[in-house]
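Handing you a structure now.
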Amino acid sequence: MTRILNASGCLDALAAPEVADGLDVFVTKTVTPLPRTGNDPIRIAESDVGMLNSIGLANPGIERFVAEYLPELAERIPSLWVSVGGFSAEDFALCCAALDGYACVDAIELNVSCPNVTAPADEASAIVAAARGVTSKPLYAKLSPALPDIASVAQAAEQAGARGLSLTNTLRGLILDPATLEPILATATGGLSGPALRPVALAAVYACAQATSLPIVGMGGVETGEHALALIAAGASDVALGTVLFGDPAAPHRIRTELEEAAQRRGVASAAGVFRMALGDELSASEVSSKPGIRGDLLPELTKVAVGS
Amino acid sequence: MTRILNASGCLDALAAPEVADGLDVFVTKTVTPLPRTGNDPIRIAESDVGMLNSIGLANPGIERFVAEYLPELAERIPSLWVSVGGFSAEDFALCCAALDGYACVDAIELNVSCPNVTAPADEASAIVAAARGVTSKPLYAKLSPALPDIASVAQAAEQAGARGLSLTNTLRGLILDPATLEPILATATGGLSGPALRPVALAAVYACAQATSLPIVGMGGVETGEHALALIAAGASDVALGTVLFGDPAAPHRIRTELEEAAQRRGVASAAGVFRMALGDELSASEVSSKPGIRGDLLPELTKVAVGS
Amino acid sequence: MHRHDDRRRPTRLRGMNAQLAHLRVRGNEAIGPYSLLHVERGQLDPGVPGQFFMLRTEPLLLPRPMSLCMARAGELGFLIDPTGKGTEALARLDPGDRITVFGPLGHGFPLDATDPVIVGGGIGIAPLPYLSESLRGAPALLGFRSDAHAVAGALLPNAEIVIDPVRVTEPLAEHLVSRPEATPLACGPEPMLAAVGRLASHAWLAHEAPMACGYGACFGCAVRIDGELKRLCVEGPTVLAGRLYVPDHDSSPLPSAVGVPA
Amino acid sequence: MHRHDDRRRPTRLRGMNAQLAHLRVRGNEAIGPYSLLHVERGQLDPGVPGQFFMLRTEPLLLPRPMSLCMARAGELGFLIDPTGKGTEALARLDPGDRITVFGPLGHGFPLDATDPVIVGGGIGIAPLPYLSESLRGAPALLGFRSDAHAVAGALLPNAEIVIDPVRVTEPLAEHLVSRPEATPLACGPEPMLAAVGRLASHAWLAHEAPMACGYGACFGCAVRIDGELKRLCVEGPTVLAGRLYVPDHDSSPLPSAVGVPA
């Protein structure tokens, strides 16, 4: 089954449990070893192709997170991933070690693409290796699209013990106040998410799906089931929602429905079937939509998706 | 004066001289040592946030370029830059050496961000250094925004002898055919240009303007004078037009007019004045617009543009 | 101590009486330079005065926070100052146009405040007509930049109105001299709120910050509250003055991290 | 040799009788499943049949190439098959809507061809009404997928029309038997053009490729011509069949690089 997650930092399940209820997996905002108040305001800005944020990883720190937040999350959230971050491999290891004993944590997402940490091939893999050393939980490496060759970083992460990839984090962007021509954000530049990221995230998922066999959580500008299906056809097994949640807290339910409809319009019973076709698998009779869609004739072409040229 | 250039690969001055006439500088499509037919079709695709191209540096090769194209360009184009590319520092040096003797070539743009050449810090600077060794012409290093730290690459290019920066080239993107869910381009992924690139290019210009003292040709999604002015306020001295030329061959004239109007609306006589303010310079009385714009009161704030936080 | 009053109110976000609805615009009236946008109410709860709704329309990526201005039967009324891309798009809406509304969100004004006095400046008048109605016409003081803006003062029929260069804090100071127990319930530009806070640390201030979500998801709306950066949409938008302007800092220049520069 | 005829025609792009104009839509008529879009002509030159214009409207980033279908006084007529985002946006335009038009571009059909016979398939009929008018009603053969599509055949009153499974190359082959010197001037889907090319390497074929600019700027429209990837907007869109289907490859499967997969 295709799972729908939130993108880290784009939902607080304790502040908005009804929104989290629509998800298959809830991912926390990135937690760092020490508490962080985050960057000074202004922290968000909007342009016509996306939004910027410079939240600055505001979080209570791993100790308070484990003591104060984890118990309540454990109670409320059926499937919980914790995103961890830091400024060195040791930071990541420290957070992972602190989480290792908690059964309620199903996976750990390593935010190796935090805007304050550059992530060249060896650093990302060093982080994954350090985390691997202290926990047996599944590790998802979350990569930045601002890499000359994301596929090689993904391969390095796989070799270092990552169990999956989260693709992608934001791009660095800048928006000026049209009146003053000054940067809107206090930090000047920030992370660009939303529509502008869509083709970039799709390329990252595609490149990593061809270069590794890791399951991929695709994200970046998903606003509709069609956008989610494109990520799946490019090689993502699951899809995460970020910016769309801000304008549409009902997005988890809506996009899940739209996603299955989008698959069925193409003659496939479910989005998971489209993913299996992307892998090159043949579908069984039950995976073909019983109500063949308007483009049921396209089935044979769909199987070529992951092959490309 | 703020100059308006075309982005390399987005105009053929010999096929459309009337369009080139609107520019202050014409930049050729990237020329490589050997002729290239380019990638197989389909080579272009459109999404709602930008377009993809995978032209694949189709060009006649430096020898034929110098023999067959340069004489006619020399005759027609008042200010000519040649973009050169390749797969190693030697390739770039070979092209630069071949151009060095031609007085009509005012500058050479080094396309170190060609999608087929990865450009980590040392490689970009090695290319600049190799080119610097064989020509005394001004060298502009054209960088990719898909770098973890573009400012450090810009600094390395400066130290290696670059006389300016062209920012930025495309991001890697993917667009699927909505009916088949297959990549539209024969190469699957391609270079993403247009609106999606705008905040990313602005951030790149801003970061490099703070990190180096090199003049910067800003480009990426410019469609209006306001977009051009934003690049200038972020630190670009000149602006190049790419994707916009495809839909609007009259863009050079239109954007030049809009750009000056945009400066004047902010109480500055010209776009060049906005650039000087971005550098932190004080404007003389003649540089302040004689018709103070609607936001003439914003002048003091404008001077803070390049300082940010 | 007033300070902890704030904590006793139910966390509406957790309770989620907020709902998302795709609604139609009923009308859009010019009120001086502002637009009074009438939206059908659907099944939405109008909430408490000072609470807000996230409003989204084409071509916005993000919704914009707007206080509920009026709660006529079957309708939600929002008063909008068209100063940017989003507010201009909202102010341009025509009857029949679609709009997405999510709310009510955040904490409203305490309706049981001792001897309330309503204070507003400029577009800060937005939540006050609903507040005034709920408080059965408590005294109200309004300040405006110009006669043109002061047209909106008619939305609070019993209000005393002052125009620049007179500041609304002048009649408020007089009011507090005669009624020292009075609780100002204020909304307006940052400098006005700070001045109200200096006059009365027990005042309730409806604050502003850029918001992407309005329901605690993005951490974009950080404001210094109790000396720490907190989410205004969760802690506020109405906050006790003493929590925003910490006494030790009272005489120092306003912390620049608070509020949105105009 | 026909092959070099192509080179003698003036390079219109260099001469630039192409102009950019912001125009108004006059009307949009349904013709079977197609839309016949009437645009005011402004100062634009209608060009030669087979030349094309780049049409752009909201919300498109890039313009779309469209052959001129009709050149009534003061008007440009385009026949549009709504099959994707761009063509659908164009087919939805209403009278009074704005549209940006750039052209005429590329090389049209040779109007001095020996004994011309017009051949069209599906939406490939688009440039043929204007061509037929210019050739004073030369014989025309049209193939359509269905009766519904064949409604568009009425745009060429003297045409002989066949419907799937009959292929238009069948009457063309007969025509060429009786008139071996006849020059087919054809527009239609890639397999049809290839079949026409096999019947007559001296035919002129109006080809298609994705185009971002239409005037030689982007190198996006590459098509294998004379065995090399060349810009269709500069070399074509009408190209001598022998240049597209190089004789040695005639019997091999169609080179996949040619034409846009339907």
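Worth pointing out:
Read from first to last, the chains carry the letters A, B, C and D; within each, the first residue is number 1.
Heads up, the rule we're going with is that contacts are C-beta pairs under 8 Å (C-beta built on N, C-alpha and C of every residue); 3 or more make two chains touch, one makes a residue touch a chain.
Everything numeric in this text was worked out from a predicted model, so none of it was measured.
Contact with chain A and chain D alike is made by B.
Between chain A and chain B, the least number of touch steps comes to 1. Chain centres were defined as the mean of their Cα atoms; on that basis the chain farthest from chain A turns out to be D.
For the pair chain B and chain C, the distance between C-alpha centroids works out to 46 Å.
Here the spacing of chain A and chain C, counted between their Cα centres, is 35 Å. If you average the Cα atoms of chain C and of chain D, the two centres end up 61 Å apart. Multi-chain contact residues of chain C, defined as those touching 2 or more other chains: none present. Shown for chain B are the residues that touch two or more other chains, namely 40, 48, 50, 195.
If you draw each protein chain as a dot and join the dots that touch, you get a simple line with two loose ends. Across the assembly, chains come into contact as A-B, A-C, B-D.
Residues of chain A touching chain B in their complex: 40, 47-50, 52, 118-120, 144-149, 171-176, 178-183, 186-189, 192, 195-200, 202-204, 206-207, 221, 226, 229-230, 233-234, 266, 274, 295, 298, 301-302, 304-305, 308-309. The residues of chain A lying in touch with chain C in their complex are 9-12, 14-19, 29, 37-38, 40-46, 48, 50-51, 53, 55, 58, 194-195, 243, 245-250. The touching residues of chain D, counted against chain B in their complex, run 13-14, 16, 20, 54, 56, 59-63, 85-86, 100, 102, 209-213, 215-223, 228-229, 231, 234, 256-257, 260.
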